[in-house]
Structures are given as structure tokens and as C-alpha cells.
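Some structures are shown below for you to check.
Two complexes follow with chain A in common, the first pairing it with chain B and the second with chain C.
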Partner chain A sequence: MKFSLERRREVKPWHLIGVPLLSVIFGTLVGGLFLEATGHNAILVFKTMSQTSYTTLYGIGDTLTAATPLIFTALAALVAFRVNLYSIGAEGQLFVGGIFASGVGIAVGTSSSALAIPAVLIAGVLGGIVWMTLPALFRAWFGTSEIITTLMFNFVALFLMRYLIYGASTYWRDPTSTNFPQGKKLDQNAWLPRFGTQSVHWGLVLALVTTVGIWFLLRKTRFGYQMKVLGDAPNAARYSGVPVKRMTFTVLIISGGLAGLAGASEVAGRAHALDPNGLAIGLGYAGIIVATLARLNPFGAVIIAIGFGGLQNSASALQSLGTDSVPSAIATTLQGLILLLALAGELFVRYRLKISKKVEVSA
Partner chain B sequence: MTQESVLVLTLAAAIGTGTPLIFAAIGGVISERAGVINLGMEGMMLIGAVTTFLVDNKTGSPVAGFIAGGVAGALLALIHATLAISLRANQIVCGLALTIFGTGLASFIGKPIEGQGLTKSFGSLHIPALSSIPGVGPILFKQDVLVYLSWFVALIASLYLNRTRTGLSLRAVGENPATADAMGLSVVRMRYAHVVAGGLLAGFGGSYVILRIVPAWSQAGTTNGIGWIALALVVFASWRPLRVILGAYLFGVALQANFALQAKGITVIPAEFLAMLPYLLTVVILVVLTANRRTRGAGAPAALGLPFVRDER
Partner chain C sequence: MIAARHISKSFPGVLANQDVSFDVAPGEVHSLLGENGAGKSTLAAILTGLYQPDAGHVEIDGVRVSLKSPRHGLALGIGMVHQHFRLVSQFTVAENISLGDRKQNWILSTKKVEEAVREIGERYGLPVDPRARINELTVGEQQRVEIIKTLYRGAQVLLLDEPTSVLTPQEVTTLFDSVRTLASEGKSVIFISHKLGEVMDISDRVTVMRDGKVVGNTSVTDTSREALARMMVGRDVDLSAIRATKPTGTPLLEVRGLTAKSARSQVSDASIVVKAGEIVGIAGVSGNGQRALAEGIAGLTPPVGGHITICGIDVTGKGSVAARKAGLSYVPEDRNGTGLAPSLSISENMLLTEDLPFLVNHKSAVAKAEEAIGAYSIKTPGASTPTRMLSGGNVQKVLLARELGHDPQVLIVASPTWGLDVGAVEFVRSKLNELRNQGRAILLISEDLDEVRALSDRIYVIFEGKIVMECAGEGADVTTLGLAMAGASA
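Take a look at the complex of A and B:
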């Protein structure tokens, strides 16, 4: 028997939905077997996960809160990935977005909400853009790998954020917190209002509106069409007069702005201060996973982000299961596992496995 | 025992700090020379570290622990190879998935041993005559056997890439897989072998961290992001094994100088800013290399990151 792969002539819609769905199911199964093998109660784990994240009102509220930054970072990843720009800098741009947003929030928080909230959000976007500017310039005009530059800038941003809170008595640090340094609280006027279970904030609404906006940009505008040409056939784009350098720069800047908005939303909606620990939990990297699982579709990203948000959110509940305590790292492990399976499954969206009976005659 | 100066001690410690970077970055060079970028290195190092810890404490043999750590890294790299080469997945996303998976799995496995210490490790091996050279001796020749192994690995990798037939073939696979294929080379087999070898070395890097640098398992701080530094080092060294040594020790000196200054209470430059330096330096070097017309793409394998499909060129 001989196996060979044949490119599918057309990709049917059920392939697109089936593959991520099967990856989640297989991921859960393999994860369950792994839990049983390591002496944990898999059923109890999954039951707790669904209770803390998906089936109770408070659980859903927490899940949506956890999903909010992931929606932004997934959008940031997918606009860039669509034109084969593999920016992994959302992590750092989120930090700098958070730094800018909290800086402005502390300064203008005492004015009215109508002024303070937009100012904080715009500052976040600007922060993300500032952090992406150099990698985007280098990529567009020198061809410098955006993978390495954005990755390196993530660490620079992380240390910068740590410095602002732990390193010295800065504008961002709460002067009353000397033993356990913390970020200075924003005035209430700069907070994103909460609704629902009192944990969901307007950042979620903003994320959904942004998702529609990105969908519109990609599908309904000339810019979006040029992006599609550039992503699918870079040479054709070049010959047909798409301004490749300018497009590359602009797409990366949009990506940076979206990641910065994630930071602003976390600062103004959840932490209400620059909180290095709350921001540095891999939200940028997780966004890439969400975007990939969603096959770079903005609406798909929202659904996957909610699923992943729940996974992240349930991790701490698992750790406090008493005698059946499961390390919270199970959430990360499952995320990685599901993504790996989805990547493997992706092949079968694009290709068909052909099995021919004829035995190859070896020379 | 003679009292060494602070400078000598700092430099000797810098060699230790640089060693896991040498192992991992040489692994990165080998994998990337075959055209496969490995963003899963951090995950492979962590899995290598936790495996080394468990095997070492179980068997009481650091040698067994070191080898087991390498094998664990290689197994994770095999997943990377399968996905990136056979299943033509996006190498960037795939590597990232492996880092996330590896980090999660390592801290899951490591949870019961959190905070425990390593019972047995390698000691220093003083090389006769050479170790008594003032200055240089204590820095270079009073290290452990794995430090000497890392030099050997870099040397072999350099000779392999530049002086052997297979090494030449490997470069063809990374530069122009279609031509390599037409020459009769198996692109798939070459890529598999070198990605797995790269994972083995990344695993060794993780092993070294647990054996010689922080001999206790901590899920947060064991590799402390050095898998990413190793990735940067590959670029920093423009894909040349011997330059990796130089780069790794530069990083090592930067980190150790940071500690030494902090210990003395010298805070002219905040520690966080010193910690940024290696990352900024990597960006500067990469930009200078690519901005300059002559050196553009210097050393970077032309087919890096691209899957090879024979019938769809």
C-alpha cells in the first residue's frame, strides 16, 4: 500500500469546522487519558472545568472576562498572519499598550468618564503602535525578520514594565506600596464600566465591535482585497502594483494597535492599574493559537477565544480541588495539545489522503 | 585553594551561564540550516530539564539524567518535525505550540517535585597544567565536563557544516530544497534528522541548567526564558557554530555582570535595563546585517520556514 497526498480541488465548509472541532474532542480525550494515567480523576477535572467556566452564570462571566484580551490579541495575530507576516510581538505590544493606557489613566482619571475612557483606550492603541513601529519599518524596508525582532521586543517590554513597578519609585507605582510594589490605581472615571456578573466589562463589547470592524476591513474594503492578494500570491500582488512595502508596514501597525488595545482593556477593565503579573501571562502568545485555530477568521477567533478563556479561567479552580488537586498547568498543556492536533488536522483540510493498493517496485 | 578575584569568579560563572545557550543555539543552528525554524526550543529545554531532574534523582546518575534530558528534547522535536515537515504545518505556529505544550507539561510533571533539590550532579573537572595558568586557568579550565563537551559539540558542528559532504548537502537542503531534491538528496529525511538533533541539543541545554545552574526544580524559573535567548543567538551568530560560543559567553558575561553589580549594591543602571541588553543587541545585529546590501541574508538559509512539497513548486 502506498499513501500519498493530493491537494483538494475545493475545501468544503464542513472541513473548516470539522477540523478544529475534532482537535478539541481529541485533545480532550488525550488529555483525559493523560490525567488518568498520572493518577487524577479525569471526569472530575472536566466536570469542574465546565462548572467553573461554561455552565454557571458566574463561570461564564469569568470566562468572558478572560476571553476579552484574547480576542484582541487573536485579531492582532490574524491580520498579520493573513499576509504571511509572522509577528509574535502582541505580547510586548500589549505590555506597552498597558503602560501607555495606565499612564494616561492616572493623569486624566479625575476628569469625566466621557473624556478619560477614550483617552485611555487611544493611549493603549498608541502604545502598541509605538512598540511595533521599529519591527514594521525594518521588515518593510530591509526585510528584517519580524519574527525575531518582535520576539526580542517582547522581552524588552517585559523588563520595562517590571522596572516601572518593581525597579524604582516611578509614576506608575503606588507610592504607598513599599513592601509589595503595585501599580497606582486609576481613578474610577477611567475604568471601563462593568455589567452582567460584575466581572464582565465593556472591553468585551469593544472587542466584539473591533471584530466586526476587522471583518469589514478584510472583506469589504480595497485595502482588505489587496491584503488578500498579497497573502495568497505575493508575486501577483507585486506585479499588479500593490504597494508591498507600505502594505507590510500598515498591516503590522494595525496588528500592533490591536495588541495595544488589549493592554488598555486589561488595565481599564480588569486590573485598574499597571499589573505586571496580570499582564504577563502569555496573552499575546495565546492569541496566536486562537487565531490559528480559528483559521484566521475574526468571528471564529471570538468563539475559540471564549473556549480558551474558559480553559484558562478553570485552571485555578482545579488546583484547589483538595485531595484531587490538579496542577493548574493542565490548562496550558491542554491548550498546546489541542493546537498541535489542529495543526496536524489542518493538512486534511487542504489535502486528501490517497491510498493506492499498488505496491511500489523498489529499484 | 587560592582566593580568586571577583573578576575571575564572575567570568568563570559567565562560562557556566553561557553553556546551556551553546547547546541549545547549536541545536537551533543545525535545525535552521536544514530550513526548519524551531520556536519550540524553550519547551524542549524545560522538558529536558524536568526529565533530567527525575532521572538523576531516581538513578543517582547525572550522566543518565543528562542523556535522558536530551532524549526528551529530541522526542518533542520529533513532533515538530512530523508537523512541520510531513504535515506541512506552519513552522512558527507549530514551534510556539510546542513551547506552550512543553512548558505546561513540564510544570505539570514537575508539580510534585516543586522546590526539591537535585541530589547528584557533575563536579568540576580541573584540567592539569592548563588550569594552573593564572587568570585563564580558573576561568576556562576549572569547569565541569559538560562545558568541555559544549566546546566539542560546537567544534564538531562547525566541521560538519563546513568540511563534510553531508554538511554541504544539509546547506543545500536549507538554501534550495528543490535543487537538493533534484540532486537526489532526500530533503525530508535530512530535515527530520537535523530537527531531531537540534531538539536533542536543546534538551541537553535544559539538562545543563538543572545539573549545574539551578539544581532544584521550579516551574517558573528553571530555564527563565533562555530558550528564546538561544533562538536569538542563532541569528546573532549568523548561523555559525563557532560564533555561537562567542555570543553565548557575551550573554553570560552580561548576565553575570548584572548579578555582580547588584550584589555590590551598584545601581548606576537598573537591573532591568541591563537585562534588556542582550535582546536589544540581537535586534541591532540583525538589522545591521539585513540593512547592509552586502550582508543581507548573511548566513540565513534561504528556504528557512518554508515547507518543501515536491510536486507543487
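Take a look at the complex of A and C:
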């Protein structure tokens, strides 16, 4: 028996949906084996996971809240990835977006919501853009790898954000939080409204509207068309007269703005303050995974983000299973396993496994 | 000596070889003639052990063999020179020949190899310095290294896959001399080509392939170019020379002292004029600045020096959009990659050189694509098919449909028929001729000297980025042109 991978001549719609579905099922099975091997009741664990995340109203609410920032960061990633710009800077741009948003929120919080909320959101977008400006300039005009620069800017942003809350008594820190420093709460006028008692806030709606907007940009406008050409064949873009450098810069800036919006939505919708621990949970990096699994399709990103949000959300529930409680390390491993297999499964969208008997040899 | 018996091989969606049989005698030069995609390279890969056939088998000296790998094939005396060379450019000739040679010790000694290279070179008229590095050699010399490599390993049967596509006419002559020497020593040569003239010139026997099948097998003395062409294409074809029938008009394209760089291509101080109703050919061996010349004129690369005027408008350094607005269309050599974005659909590609509004009207693009598909008989499942799924001829038709749709006054075409089958070649040529008759100015950049000679009213020769010769197309002498293309100053 010989195994080999053969490139599919044609990728059919069936492959695009079936393969990731099978990967997730397979990942769940392997995860189940892993749970059983470590002495847990796999059925119970999966039941709890689906309950906490996908079947109860409360669970769905938490899942959607977790998915909201992921939709923004996934959009940020996919816009750039579509033109082969591998920015991994959404993480840092989200932090800076959060810093700008909370700063403005604290300043204008007492004015009416109709003024405060847009101001906070715009500030978030600007924060993301500011943080992307240098990497974008360097990439577009000097060809400096955006992967490296955006990654380094992520670290700077992280420490900047921590400093603003833990490092010194700054404008962002709540002066009354004596034992453990916390961000200053925004005035209620600057909060994104919630749906009733649910944790779900208007950030979700904004994310969905943004998704439609990005889809429209990509699909219907000249800019989107030129992005498509540039992403597919840079020489064809040059031939057609696309200003490649300016385009590169603009796409990165849009990506930065989207990531900044994620930060603003988290600040104004969830934490209502600059909350370093709540923001620095890898939302930017997770967005890259979501975008990749969604094959850079904006609507796909929404669906994957919701699945991913649920997975993230259920991990904490597993720790409170009483006698059968699953330690967080195992919950995280399980999560990673399913993701890893889903990503690895992507290979089979383009390739198929060929099993052949060994060729007999004569002479 | 070597024979194929009822060989079939399929790739997903194509039957590349279908019940193919043929025999090669010792000392014979046997041509495999067929259009692109006829299945010649696939057959060669099976004969050398690179692919295994789905059905049928290979025989060597009447004995059935099953070739596991090219190494195995070579051990049985079958060697191949590929369309694309497989040499390490940083290594010397001798080092390349030692690569994969299991006779070598752990410690490489190239002395013996160097001697062998000299000896083989003298014997078969393949002179090459064994100590030279590959990247110092011309393409023709590199090809010699490939041939020597297979001979050194003891090949009795030599397969040459489209060996002349990279050579100057003079180099072709030398290659053919070597092939004749090899045959006279009893070796068999399988010469793969789609060029009729060369096949008639060099072969003893010809096997013609079409759509994966053998459609004819004949001795060259019993056939003619016309008969072979008919077999290869399946119908009569006419590729005789066509020239301007009307006097030429005013200059529409004027290039003065153009110096430009693009990727690895460079052109310096080139001056060219193309008048209305005229096809001007640029002859030259691949890689002598053709790309920089075309991209410089078309505004894809900013010129370092010189002036470009299109229909009286100075477009120097103003970019590709300005050149287009002045009346220029450019059909690049790299069709799927520069002229078209390969993953985009035919209809999306129709928009590539349009002046687009903020909102793109995809519906009208589809209509335009469908019109082109009808008018140019483009074979495709539909307007939404990505152009990378189309065959070479259809890709070129999409590109021509779009560019000619702009009704250009000046047209630059680079290698317009390269890799196309005869039917498509005929189509492209007649289109170019039609445009000429309509009083357009056409600059034809091509490495195919026969094509340049057949279509051009005037010819420039480019060598190392400089225009080294200019002459009339009518009666242009191959030897003179060939010498100029090789850099010999006339």
C-alpha cells in the first residue's frame, strides 16, 4: 500500500463544506478519545459544551458575545490576506483601538449616547489605523515584511496597555481601585446597549453590518475588483494600472481600522473600561484562524466566529462540572485539538488522498 | 530498439495517451510530431520511467520492461533531455554530470568526469568546457550539458523534448549535426517537436500524434510538410507568409532611445518606429530585452531614458493607463499572469483594461464576455470560468477579444502564438493581418523567427537589449538574421 496526495483538478462546492465538517467531526472524535484516555466522561463533557454554548438561550448569548470581537478581527485578517498581505497585527491594533476608545469614552461619556457612542467607535477605528500606519507605510513603499513589523507592534501595544492600567496612575486607571488596579469605567452613555438581560450587545449588530459592508466592498466596488486582481496576480494588477503601492497601504489601513473597531466594541460593549486581561486573550490571532477556516469569506467568517466563540466559551464551563470537572488545561487542549484538525483538514480541500497498491516490477 | 506497445495514460479528465504504439530502430532519428497537448511529453515520460502507463508497456530490444523511475530507465539505456533543464546553476558542468552518479566515491573527484565530458564533446560535436559553471553558459550550451549527461550515463536511446524552442537558428544547425552523428553510431534519437520544418529536416521516420492517439507513422521521404500538417491538425492549414498590401501611413508608434528595465530584462537606447498599416517584427532569442522593451512602451515600467509617442501623444513615464488612453493595447507574452488574472473569470478579466466606475457592473461584463465567447469561438463552459481552466489558444482569444475590443491604434503583441496549436496560430495571424489592413500599427515581438519573417513588413533584431539590425520583412535572410540574433555584428 502506498499513500500519496494528489491535487484535485477541481474543487467542488461539496469539498468546501463537507471537508471542514468532517474535520470537525473527526476532531471531536479524537478529542473524545483523548478525554476517555484521561479518565473523563467524554459524552458528558460534550453535552456540557453544547449546552453552555449552543443550546440554551444563555449559552447562545455568551457565544455570540464571544464571537463579536472575532468577527471584527477575522474581517481585519481576511481583507489583508486576500491581497497576500499577512498582517498579524490585529492583536495590537485591537489593544490600541481599545485604548483610544476608552480614552474618548471617559472624556465624552457624559454627553448623550447619540454622540458618545459614535465618538467611541470612531476613536477605536482611529486607534487601529494609527497602529497600522507604520507597518503599512513600510510594507507598501519599502517592502518590509508586514509579518514581522505587525508582530512587534503587537508586543509594544500589549505593554503600553498594561502600563496604562498597572504601570502608573494614568487617565485610564480607576483611582478608586486600590488593591488591584482596574480601568476607569466609562459613563453609561458611552456603553453599547445590550439586548435585555443578555450579555449580547450592539457590537454584534455592528459586526454584522460591517460584514455586509466588507462583502459589498470586495464584491461590488472597483476597489474590491482591484484587490481581487492584485491578490491573484500582481503582474496583472500592474498591467491593468492598479496603483499597487497605494493599494497595499490602503488595504492594510482598512485592516487596522477593523481590528481597532474590535477593541472599541469590547470596551464599550463588554468591559465598559480598558481591561487589559479581558482584551489580551488572543482575539487578534484567533481572528486569523477564523478567517483562514472561513477561506477569507466574510459571511463564512461570521459562522466560524460563532462556532469558535462557543468553543472558547465552553472551556470555562467544563471546570465547574463538579466531580467530573475537567481541568482548564485539558479543556484548552481539547479546543486546540479540534482547531488543529480543522485547519489540517483544509489540505483535503485542495488535495485528495490516493491509495495505491505497490506497482509490481519486472526486468 | 525501444518500442511502445498499446500505451494508455490518463490524468484526471484527460486521456493523455490512448493505445499508443510505435517502434524506434537503432541508428534512427524518430520524430514525435504533434500539437501542444497531443500527449508527446506524457509518452516521453512513460518511455523514460517518469510515469507508469495505465495500460500497455515498453519494450527494449524486444523484451518487455517495467520502468520504475528515470534512474531505472537510464540504467537500461534510455536518457531524456527535458523541455526545462534540470541543472544546478551554481555547479560546474562536471559537477552537474557527477550529480546522482552512483559510480562516484564519497569524495567527489571530477577529474575523470572532466575527461569524459571532453571526449564525448569531441566525438559528437558538443563542445563545452567541463569546468565552466552552468550560469556562465548560454542556453544552447546548457542543452549540450544535458545531452552529455545522458550520454555519460550510457544512454543508447536519447529523447529530446522540444529541444529547439530555446535555440537560435545556428544552434539548431549544430544540434542537428550532433543528432546525426549520434544516429550514425547506432544510437536512437527520439525528437519531439511541433515544428514541421525541423521534423522534415532531421527525421528518418515520423510518428504523428493528435489528442493522445497516434494518427500516422511514415518515413519522411514518403511525406510532405502539407501532409504532416494535415495529419497533425486534422484539416488543411495555411501558414504562408502574409504582408501589407497597401502602402503604410503615418508613424503611430515612435520610440526614441528607450532605456528601461523590467525584472531581469533590460533594453537600452532602442529606437523603433511603427507606421499605420504595418507589422514590425522584433526578432531575438528569448531573454534579450524583449520584455523590458514591451513593458517600457506599454508604460508598465517607467523608462530610465528616451521618449515614447503614441498617435502623436507623448506618454513617456505616464504609466500604462495613459498609454492605453493614447490608443495602445498590449498583449503580453505572459498571458495568464500578466495579461489576465488566472483565477478570475473570463467576464472579470474583460474588465482588466477598462476604465472602471466606483461600482463595477458585473452584468455588463458578463454580456461582454459572452459576446467575445461567441465572436471568437472561445471554448469554455461559460463566462464565469476562470481563465486558468482554459487551453492556451482560448486564453489568447480572451486576451485578444478584450484588447481588440478597445479598437487600439497601436498594438504590441509578444509571442502571440507561442504554445498555441496550429488552428489557433492561424486565427491569431489572420487577426493581426486584419488589423494591419485596417491601418493599425502592430509591433510583433517574437522569439519564433519563422513567425516574424512570415508576418512582418519590417524587422528589427534585438540582442542584449540593443537593436542591432533593421531590414525589410520581404526576403529577409535567415542566416543574416540568425547571426544578428546571436550578437555577431554584421
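One rule holds in what follows: the second predicted complex is superposed on the first by the 326 of 363 C-alpha atoms of A that agree within 3 Å, B and C clash if a C-alpha of one lies under 4 Å from a C-alpha of the other, contacts with A are read in each partner's own complex, and residues count from 1 in each chain.
Convention: contacts are C-beta pairs under 8 Å (C-beta built on N, C-alpha and C of every residue); 3 or more make two chains touch, one makes a residue touch a chain.
Just so you know, these numbers come straight off a predicted model, no measurement behind them.
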Quick one: classify A:241 as touching chain B (first), chain C (second), both or neither. second
After superposition on the shared chain, which partner residues are touched by A:225: those of chain B (first), chain C (second), both, or neither? second
Look at A:113 in the shared chain and tell me whether it touches chain B only, chain C only, both, or neither; answer first, second, both or neither. neither
Let me test your reading of the model: by the given contact rule, A:339 touches which partner, first (chain B), second (chain C), both or neither? first
Contacts for A:50 in the overlay, against chain B (first) and chain C (second): which applies, first, second, both or neither? neither
Using the superposition on chain A described above, determine whether A:170 touches chain B (first), chain C (second), both, or neither. neither
Please indicate which partner A:233 is in contact with in the superposed arrangement: first for chain B, second for chain C, both, or neither. second
If you tally the residues of chain A touched by each partner, is the higher count for chain B or for chain C? B
Check chain A for residues that touch chain B in one structure and chain C in the other, and list them. none
Report the residues of chain A in contact with chain B in the complex, numbered from low to high. 7, 38, 86, 88, 134, 138, 142-145, 147-149, 151-153, 155-156, 159-160, 162-163, 166-168, 282, 285-286, 288-289, 292, 327, 329-337, 339-340, 343-344, 346-347
Quick one: in the complex, what on chain C touches chain A? 11-13, 52, 63-66, 68, 76, 298, 300, 319-321, 324, 330, 332, 334, 337-344, 348, 351-353, 356-360, 362
Residues of chain A defined as touching chain C within the complex: 8-9, 220-222, 224-225, 228-229, 232-233, 235-241, 359-363
Chain A contact footprint on chain B (complex, rising order): 37, 39, 43, 79, 82-83, 87-90, 92-94, 96-108, 111, 219, 225, 228, 231-232, 235, 270-273, 275-276, 279-280, 282-283, 286-287, 290-291, 296-297, 300, 305, 312
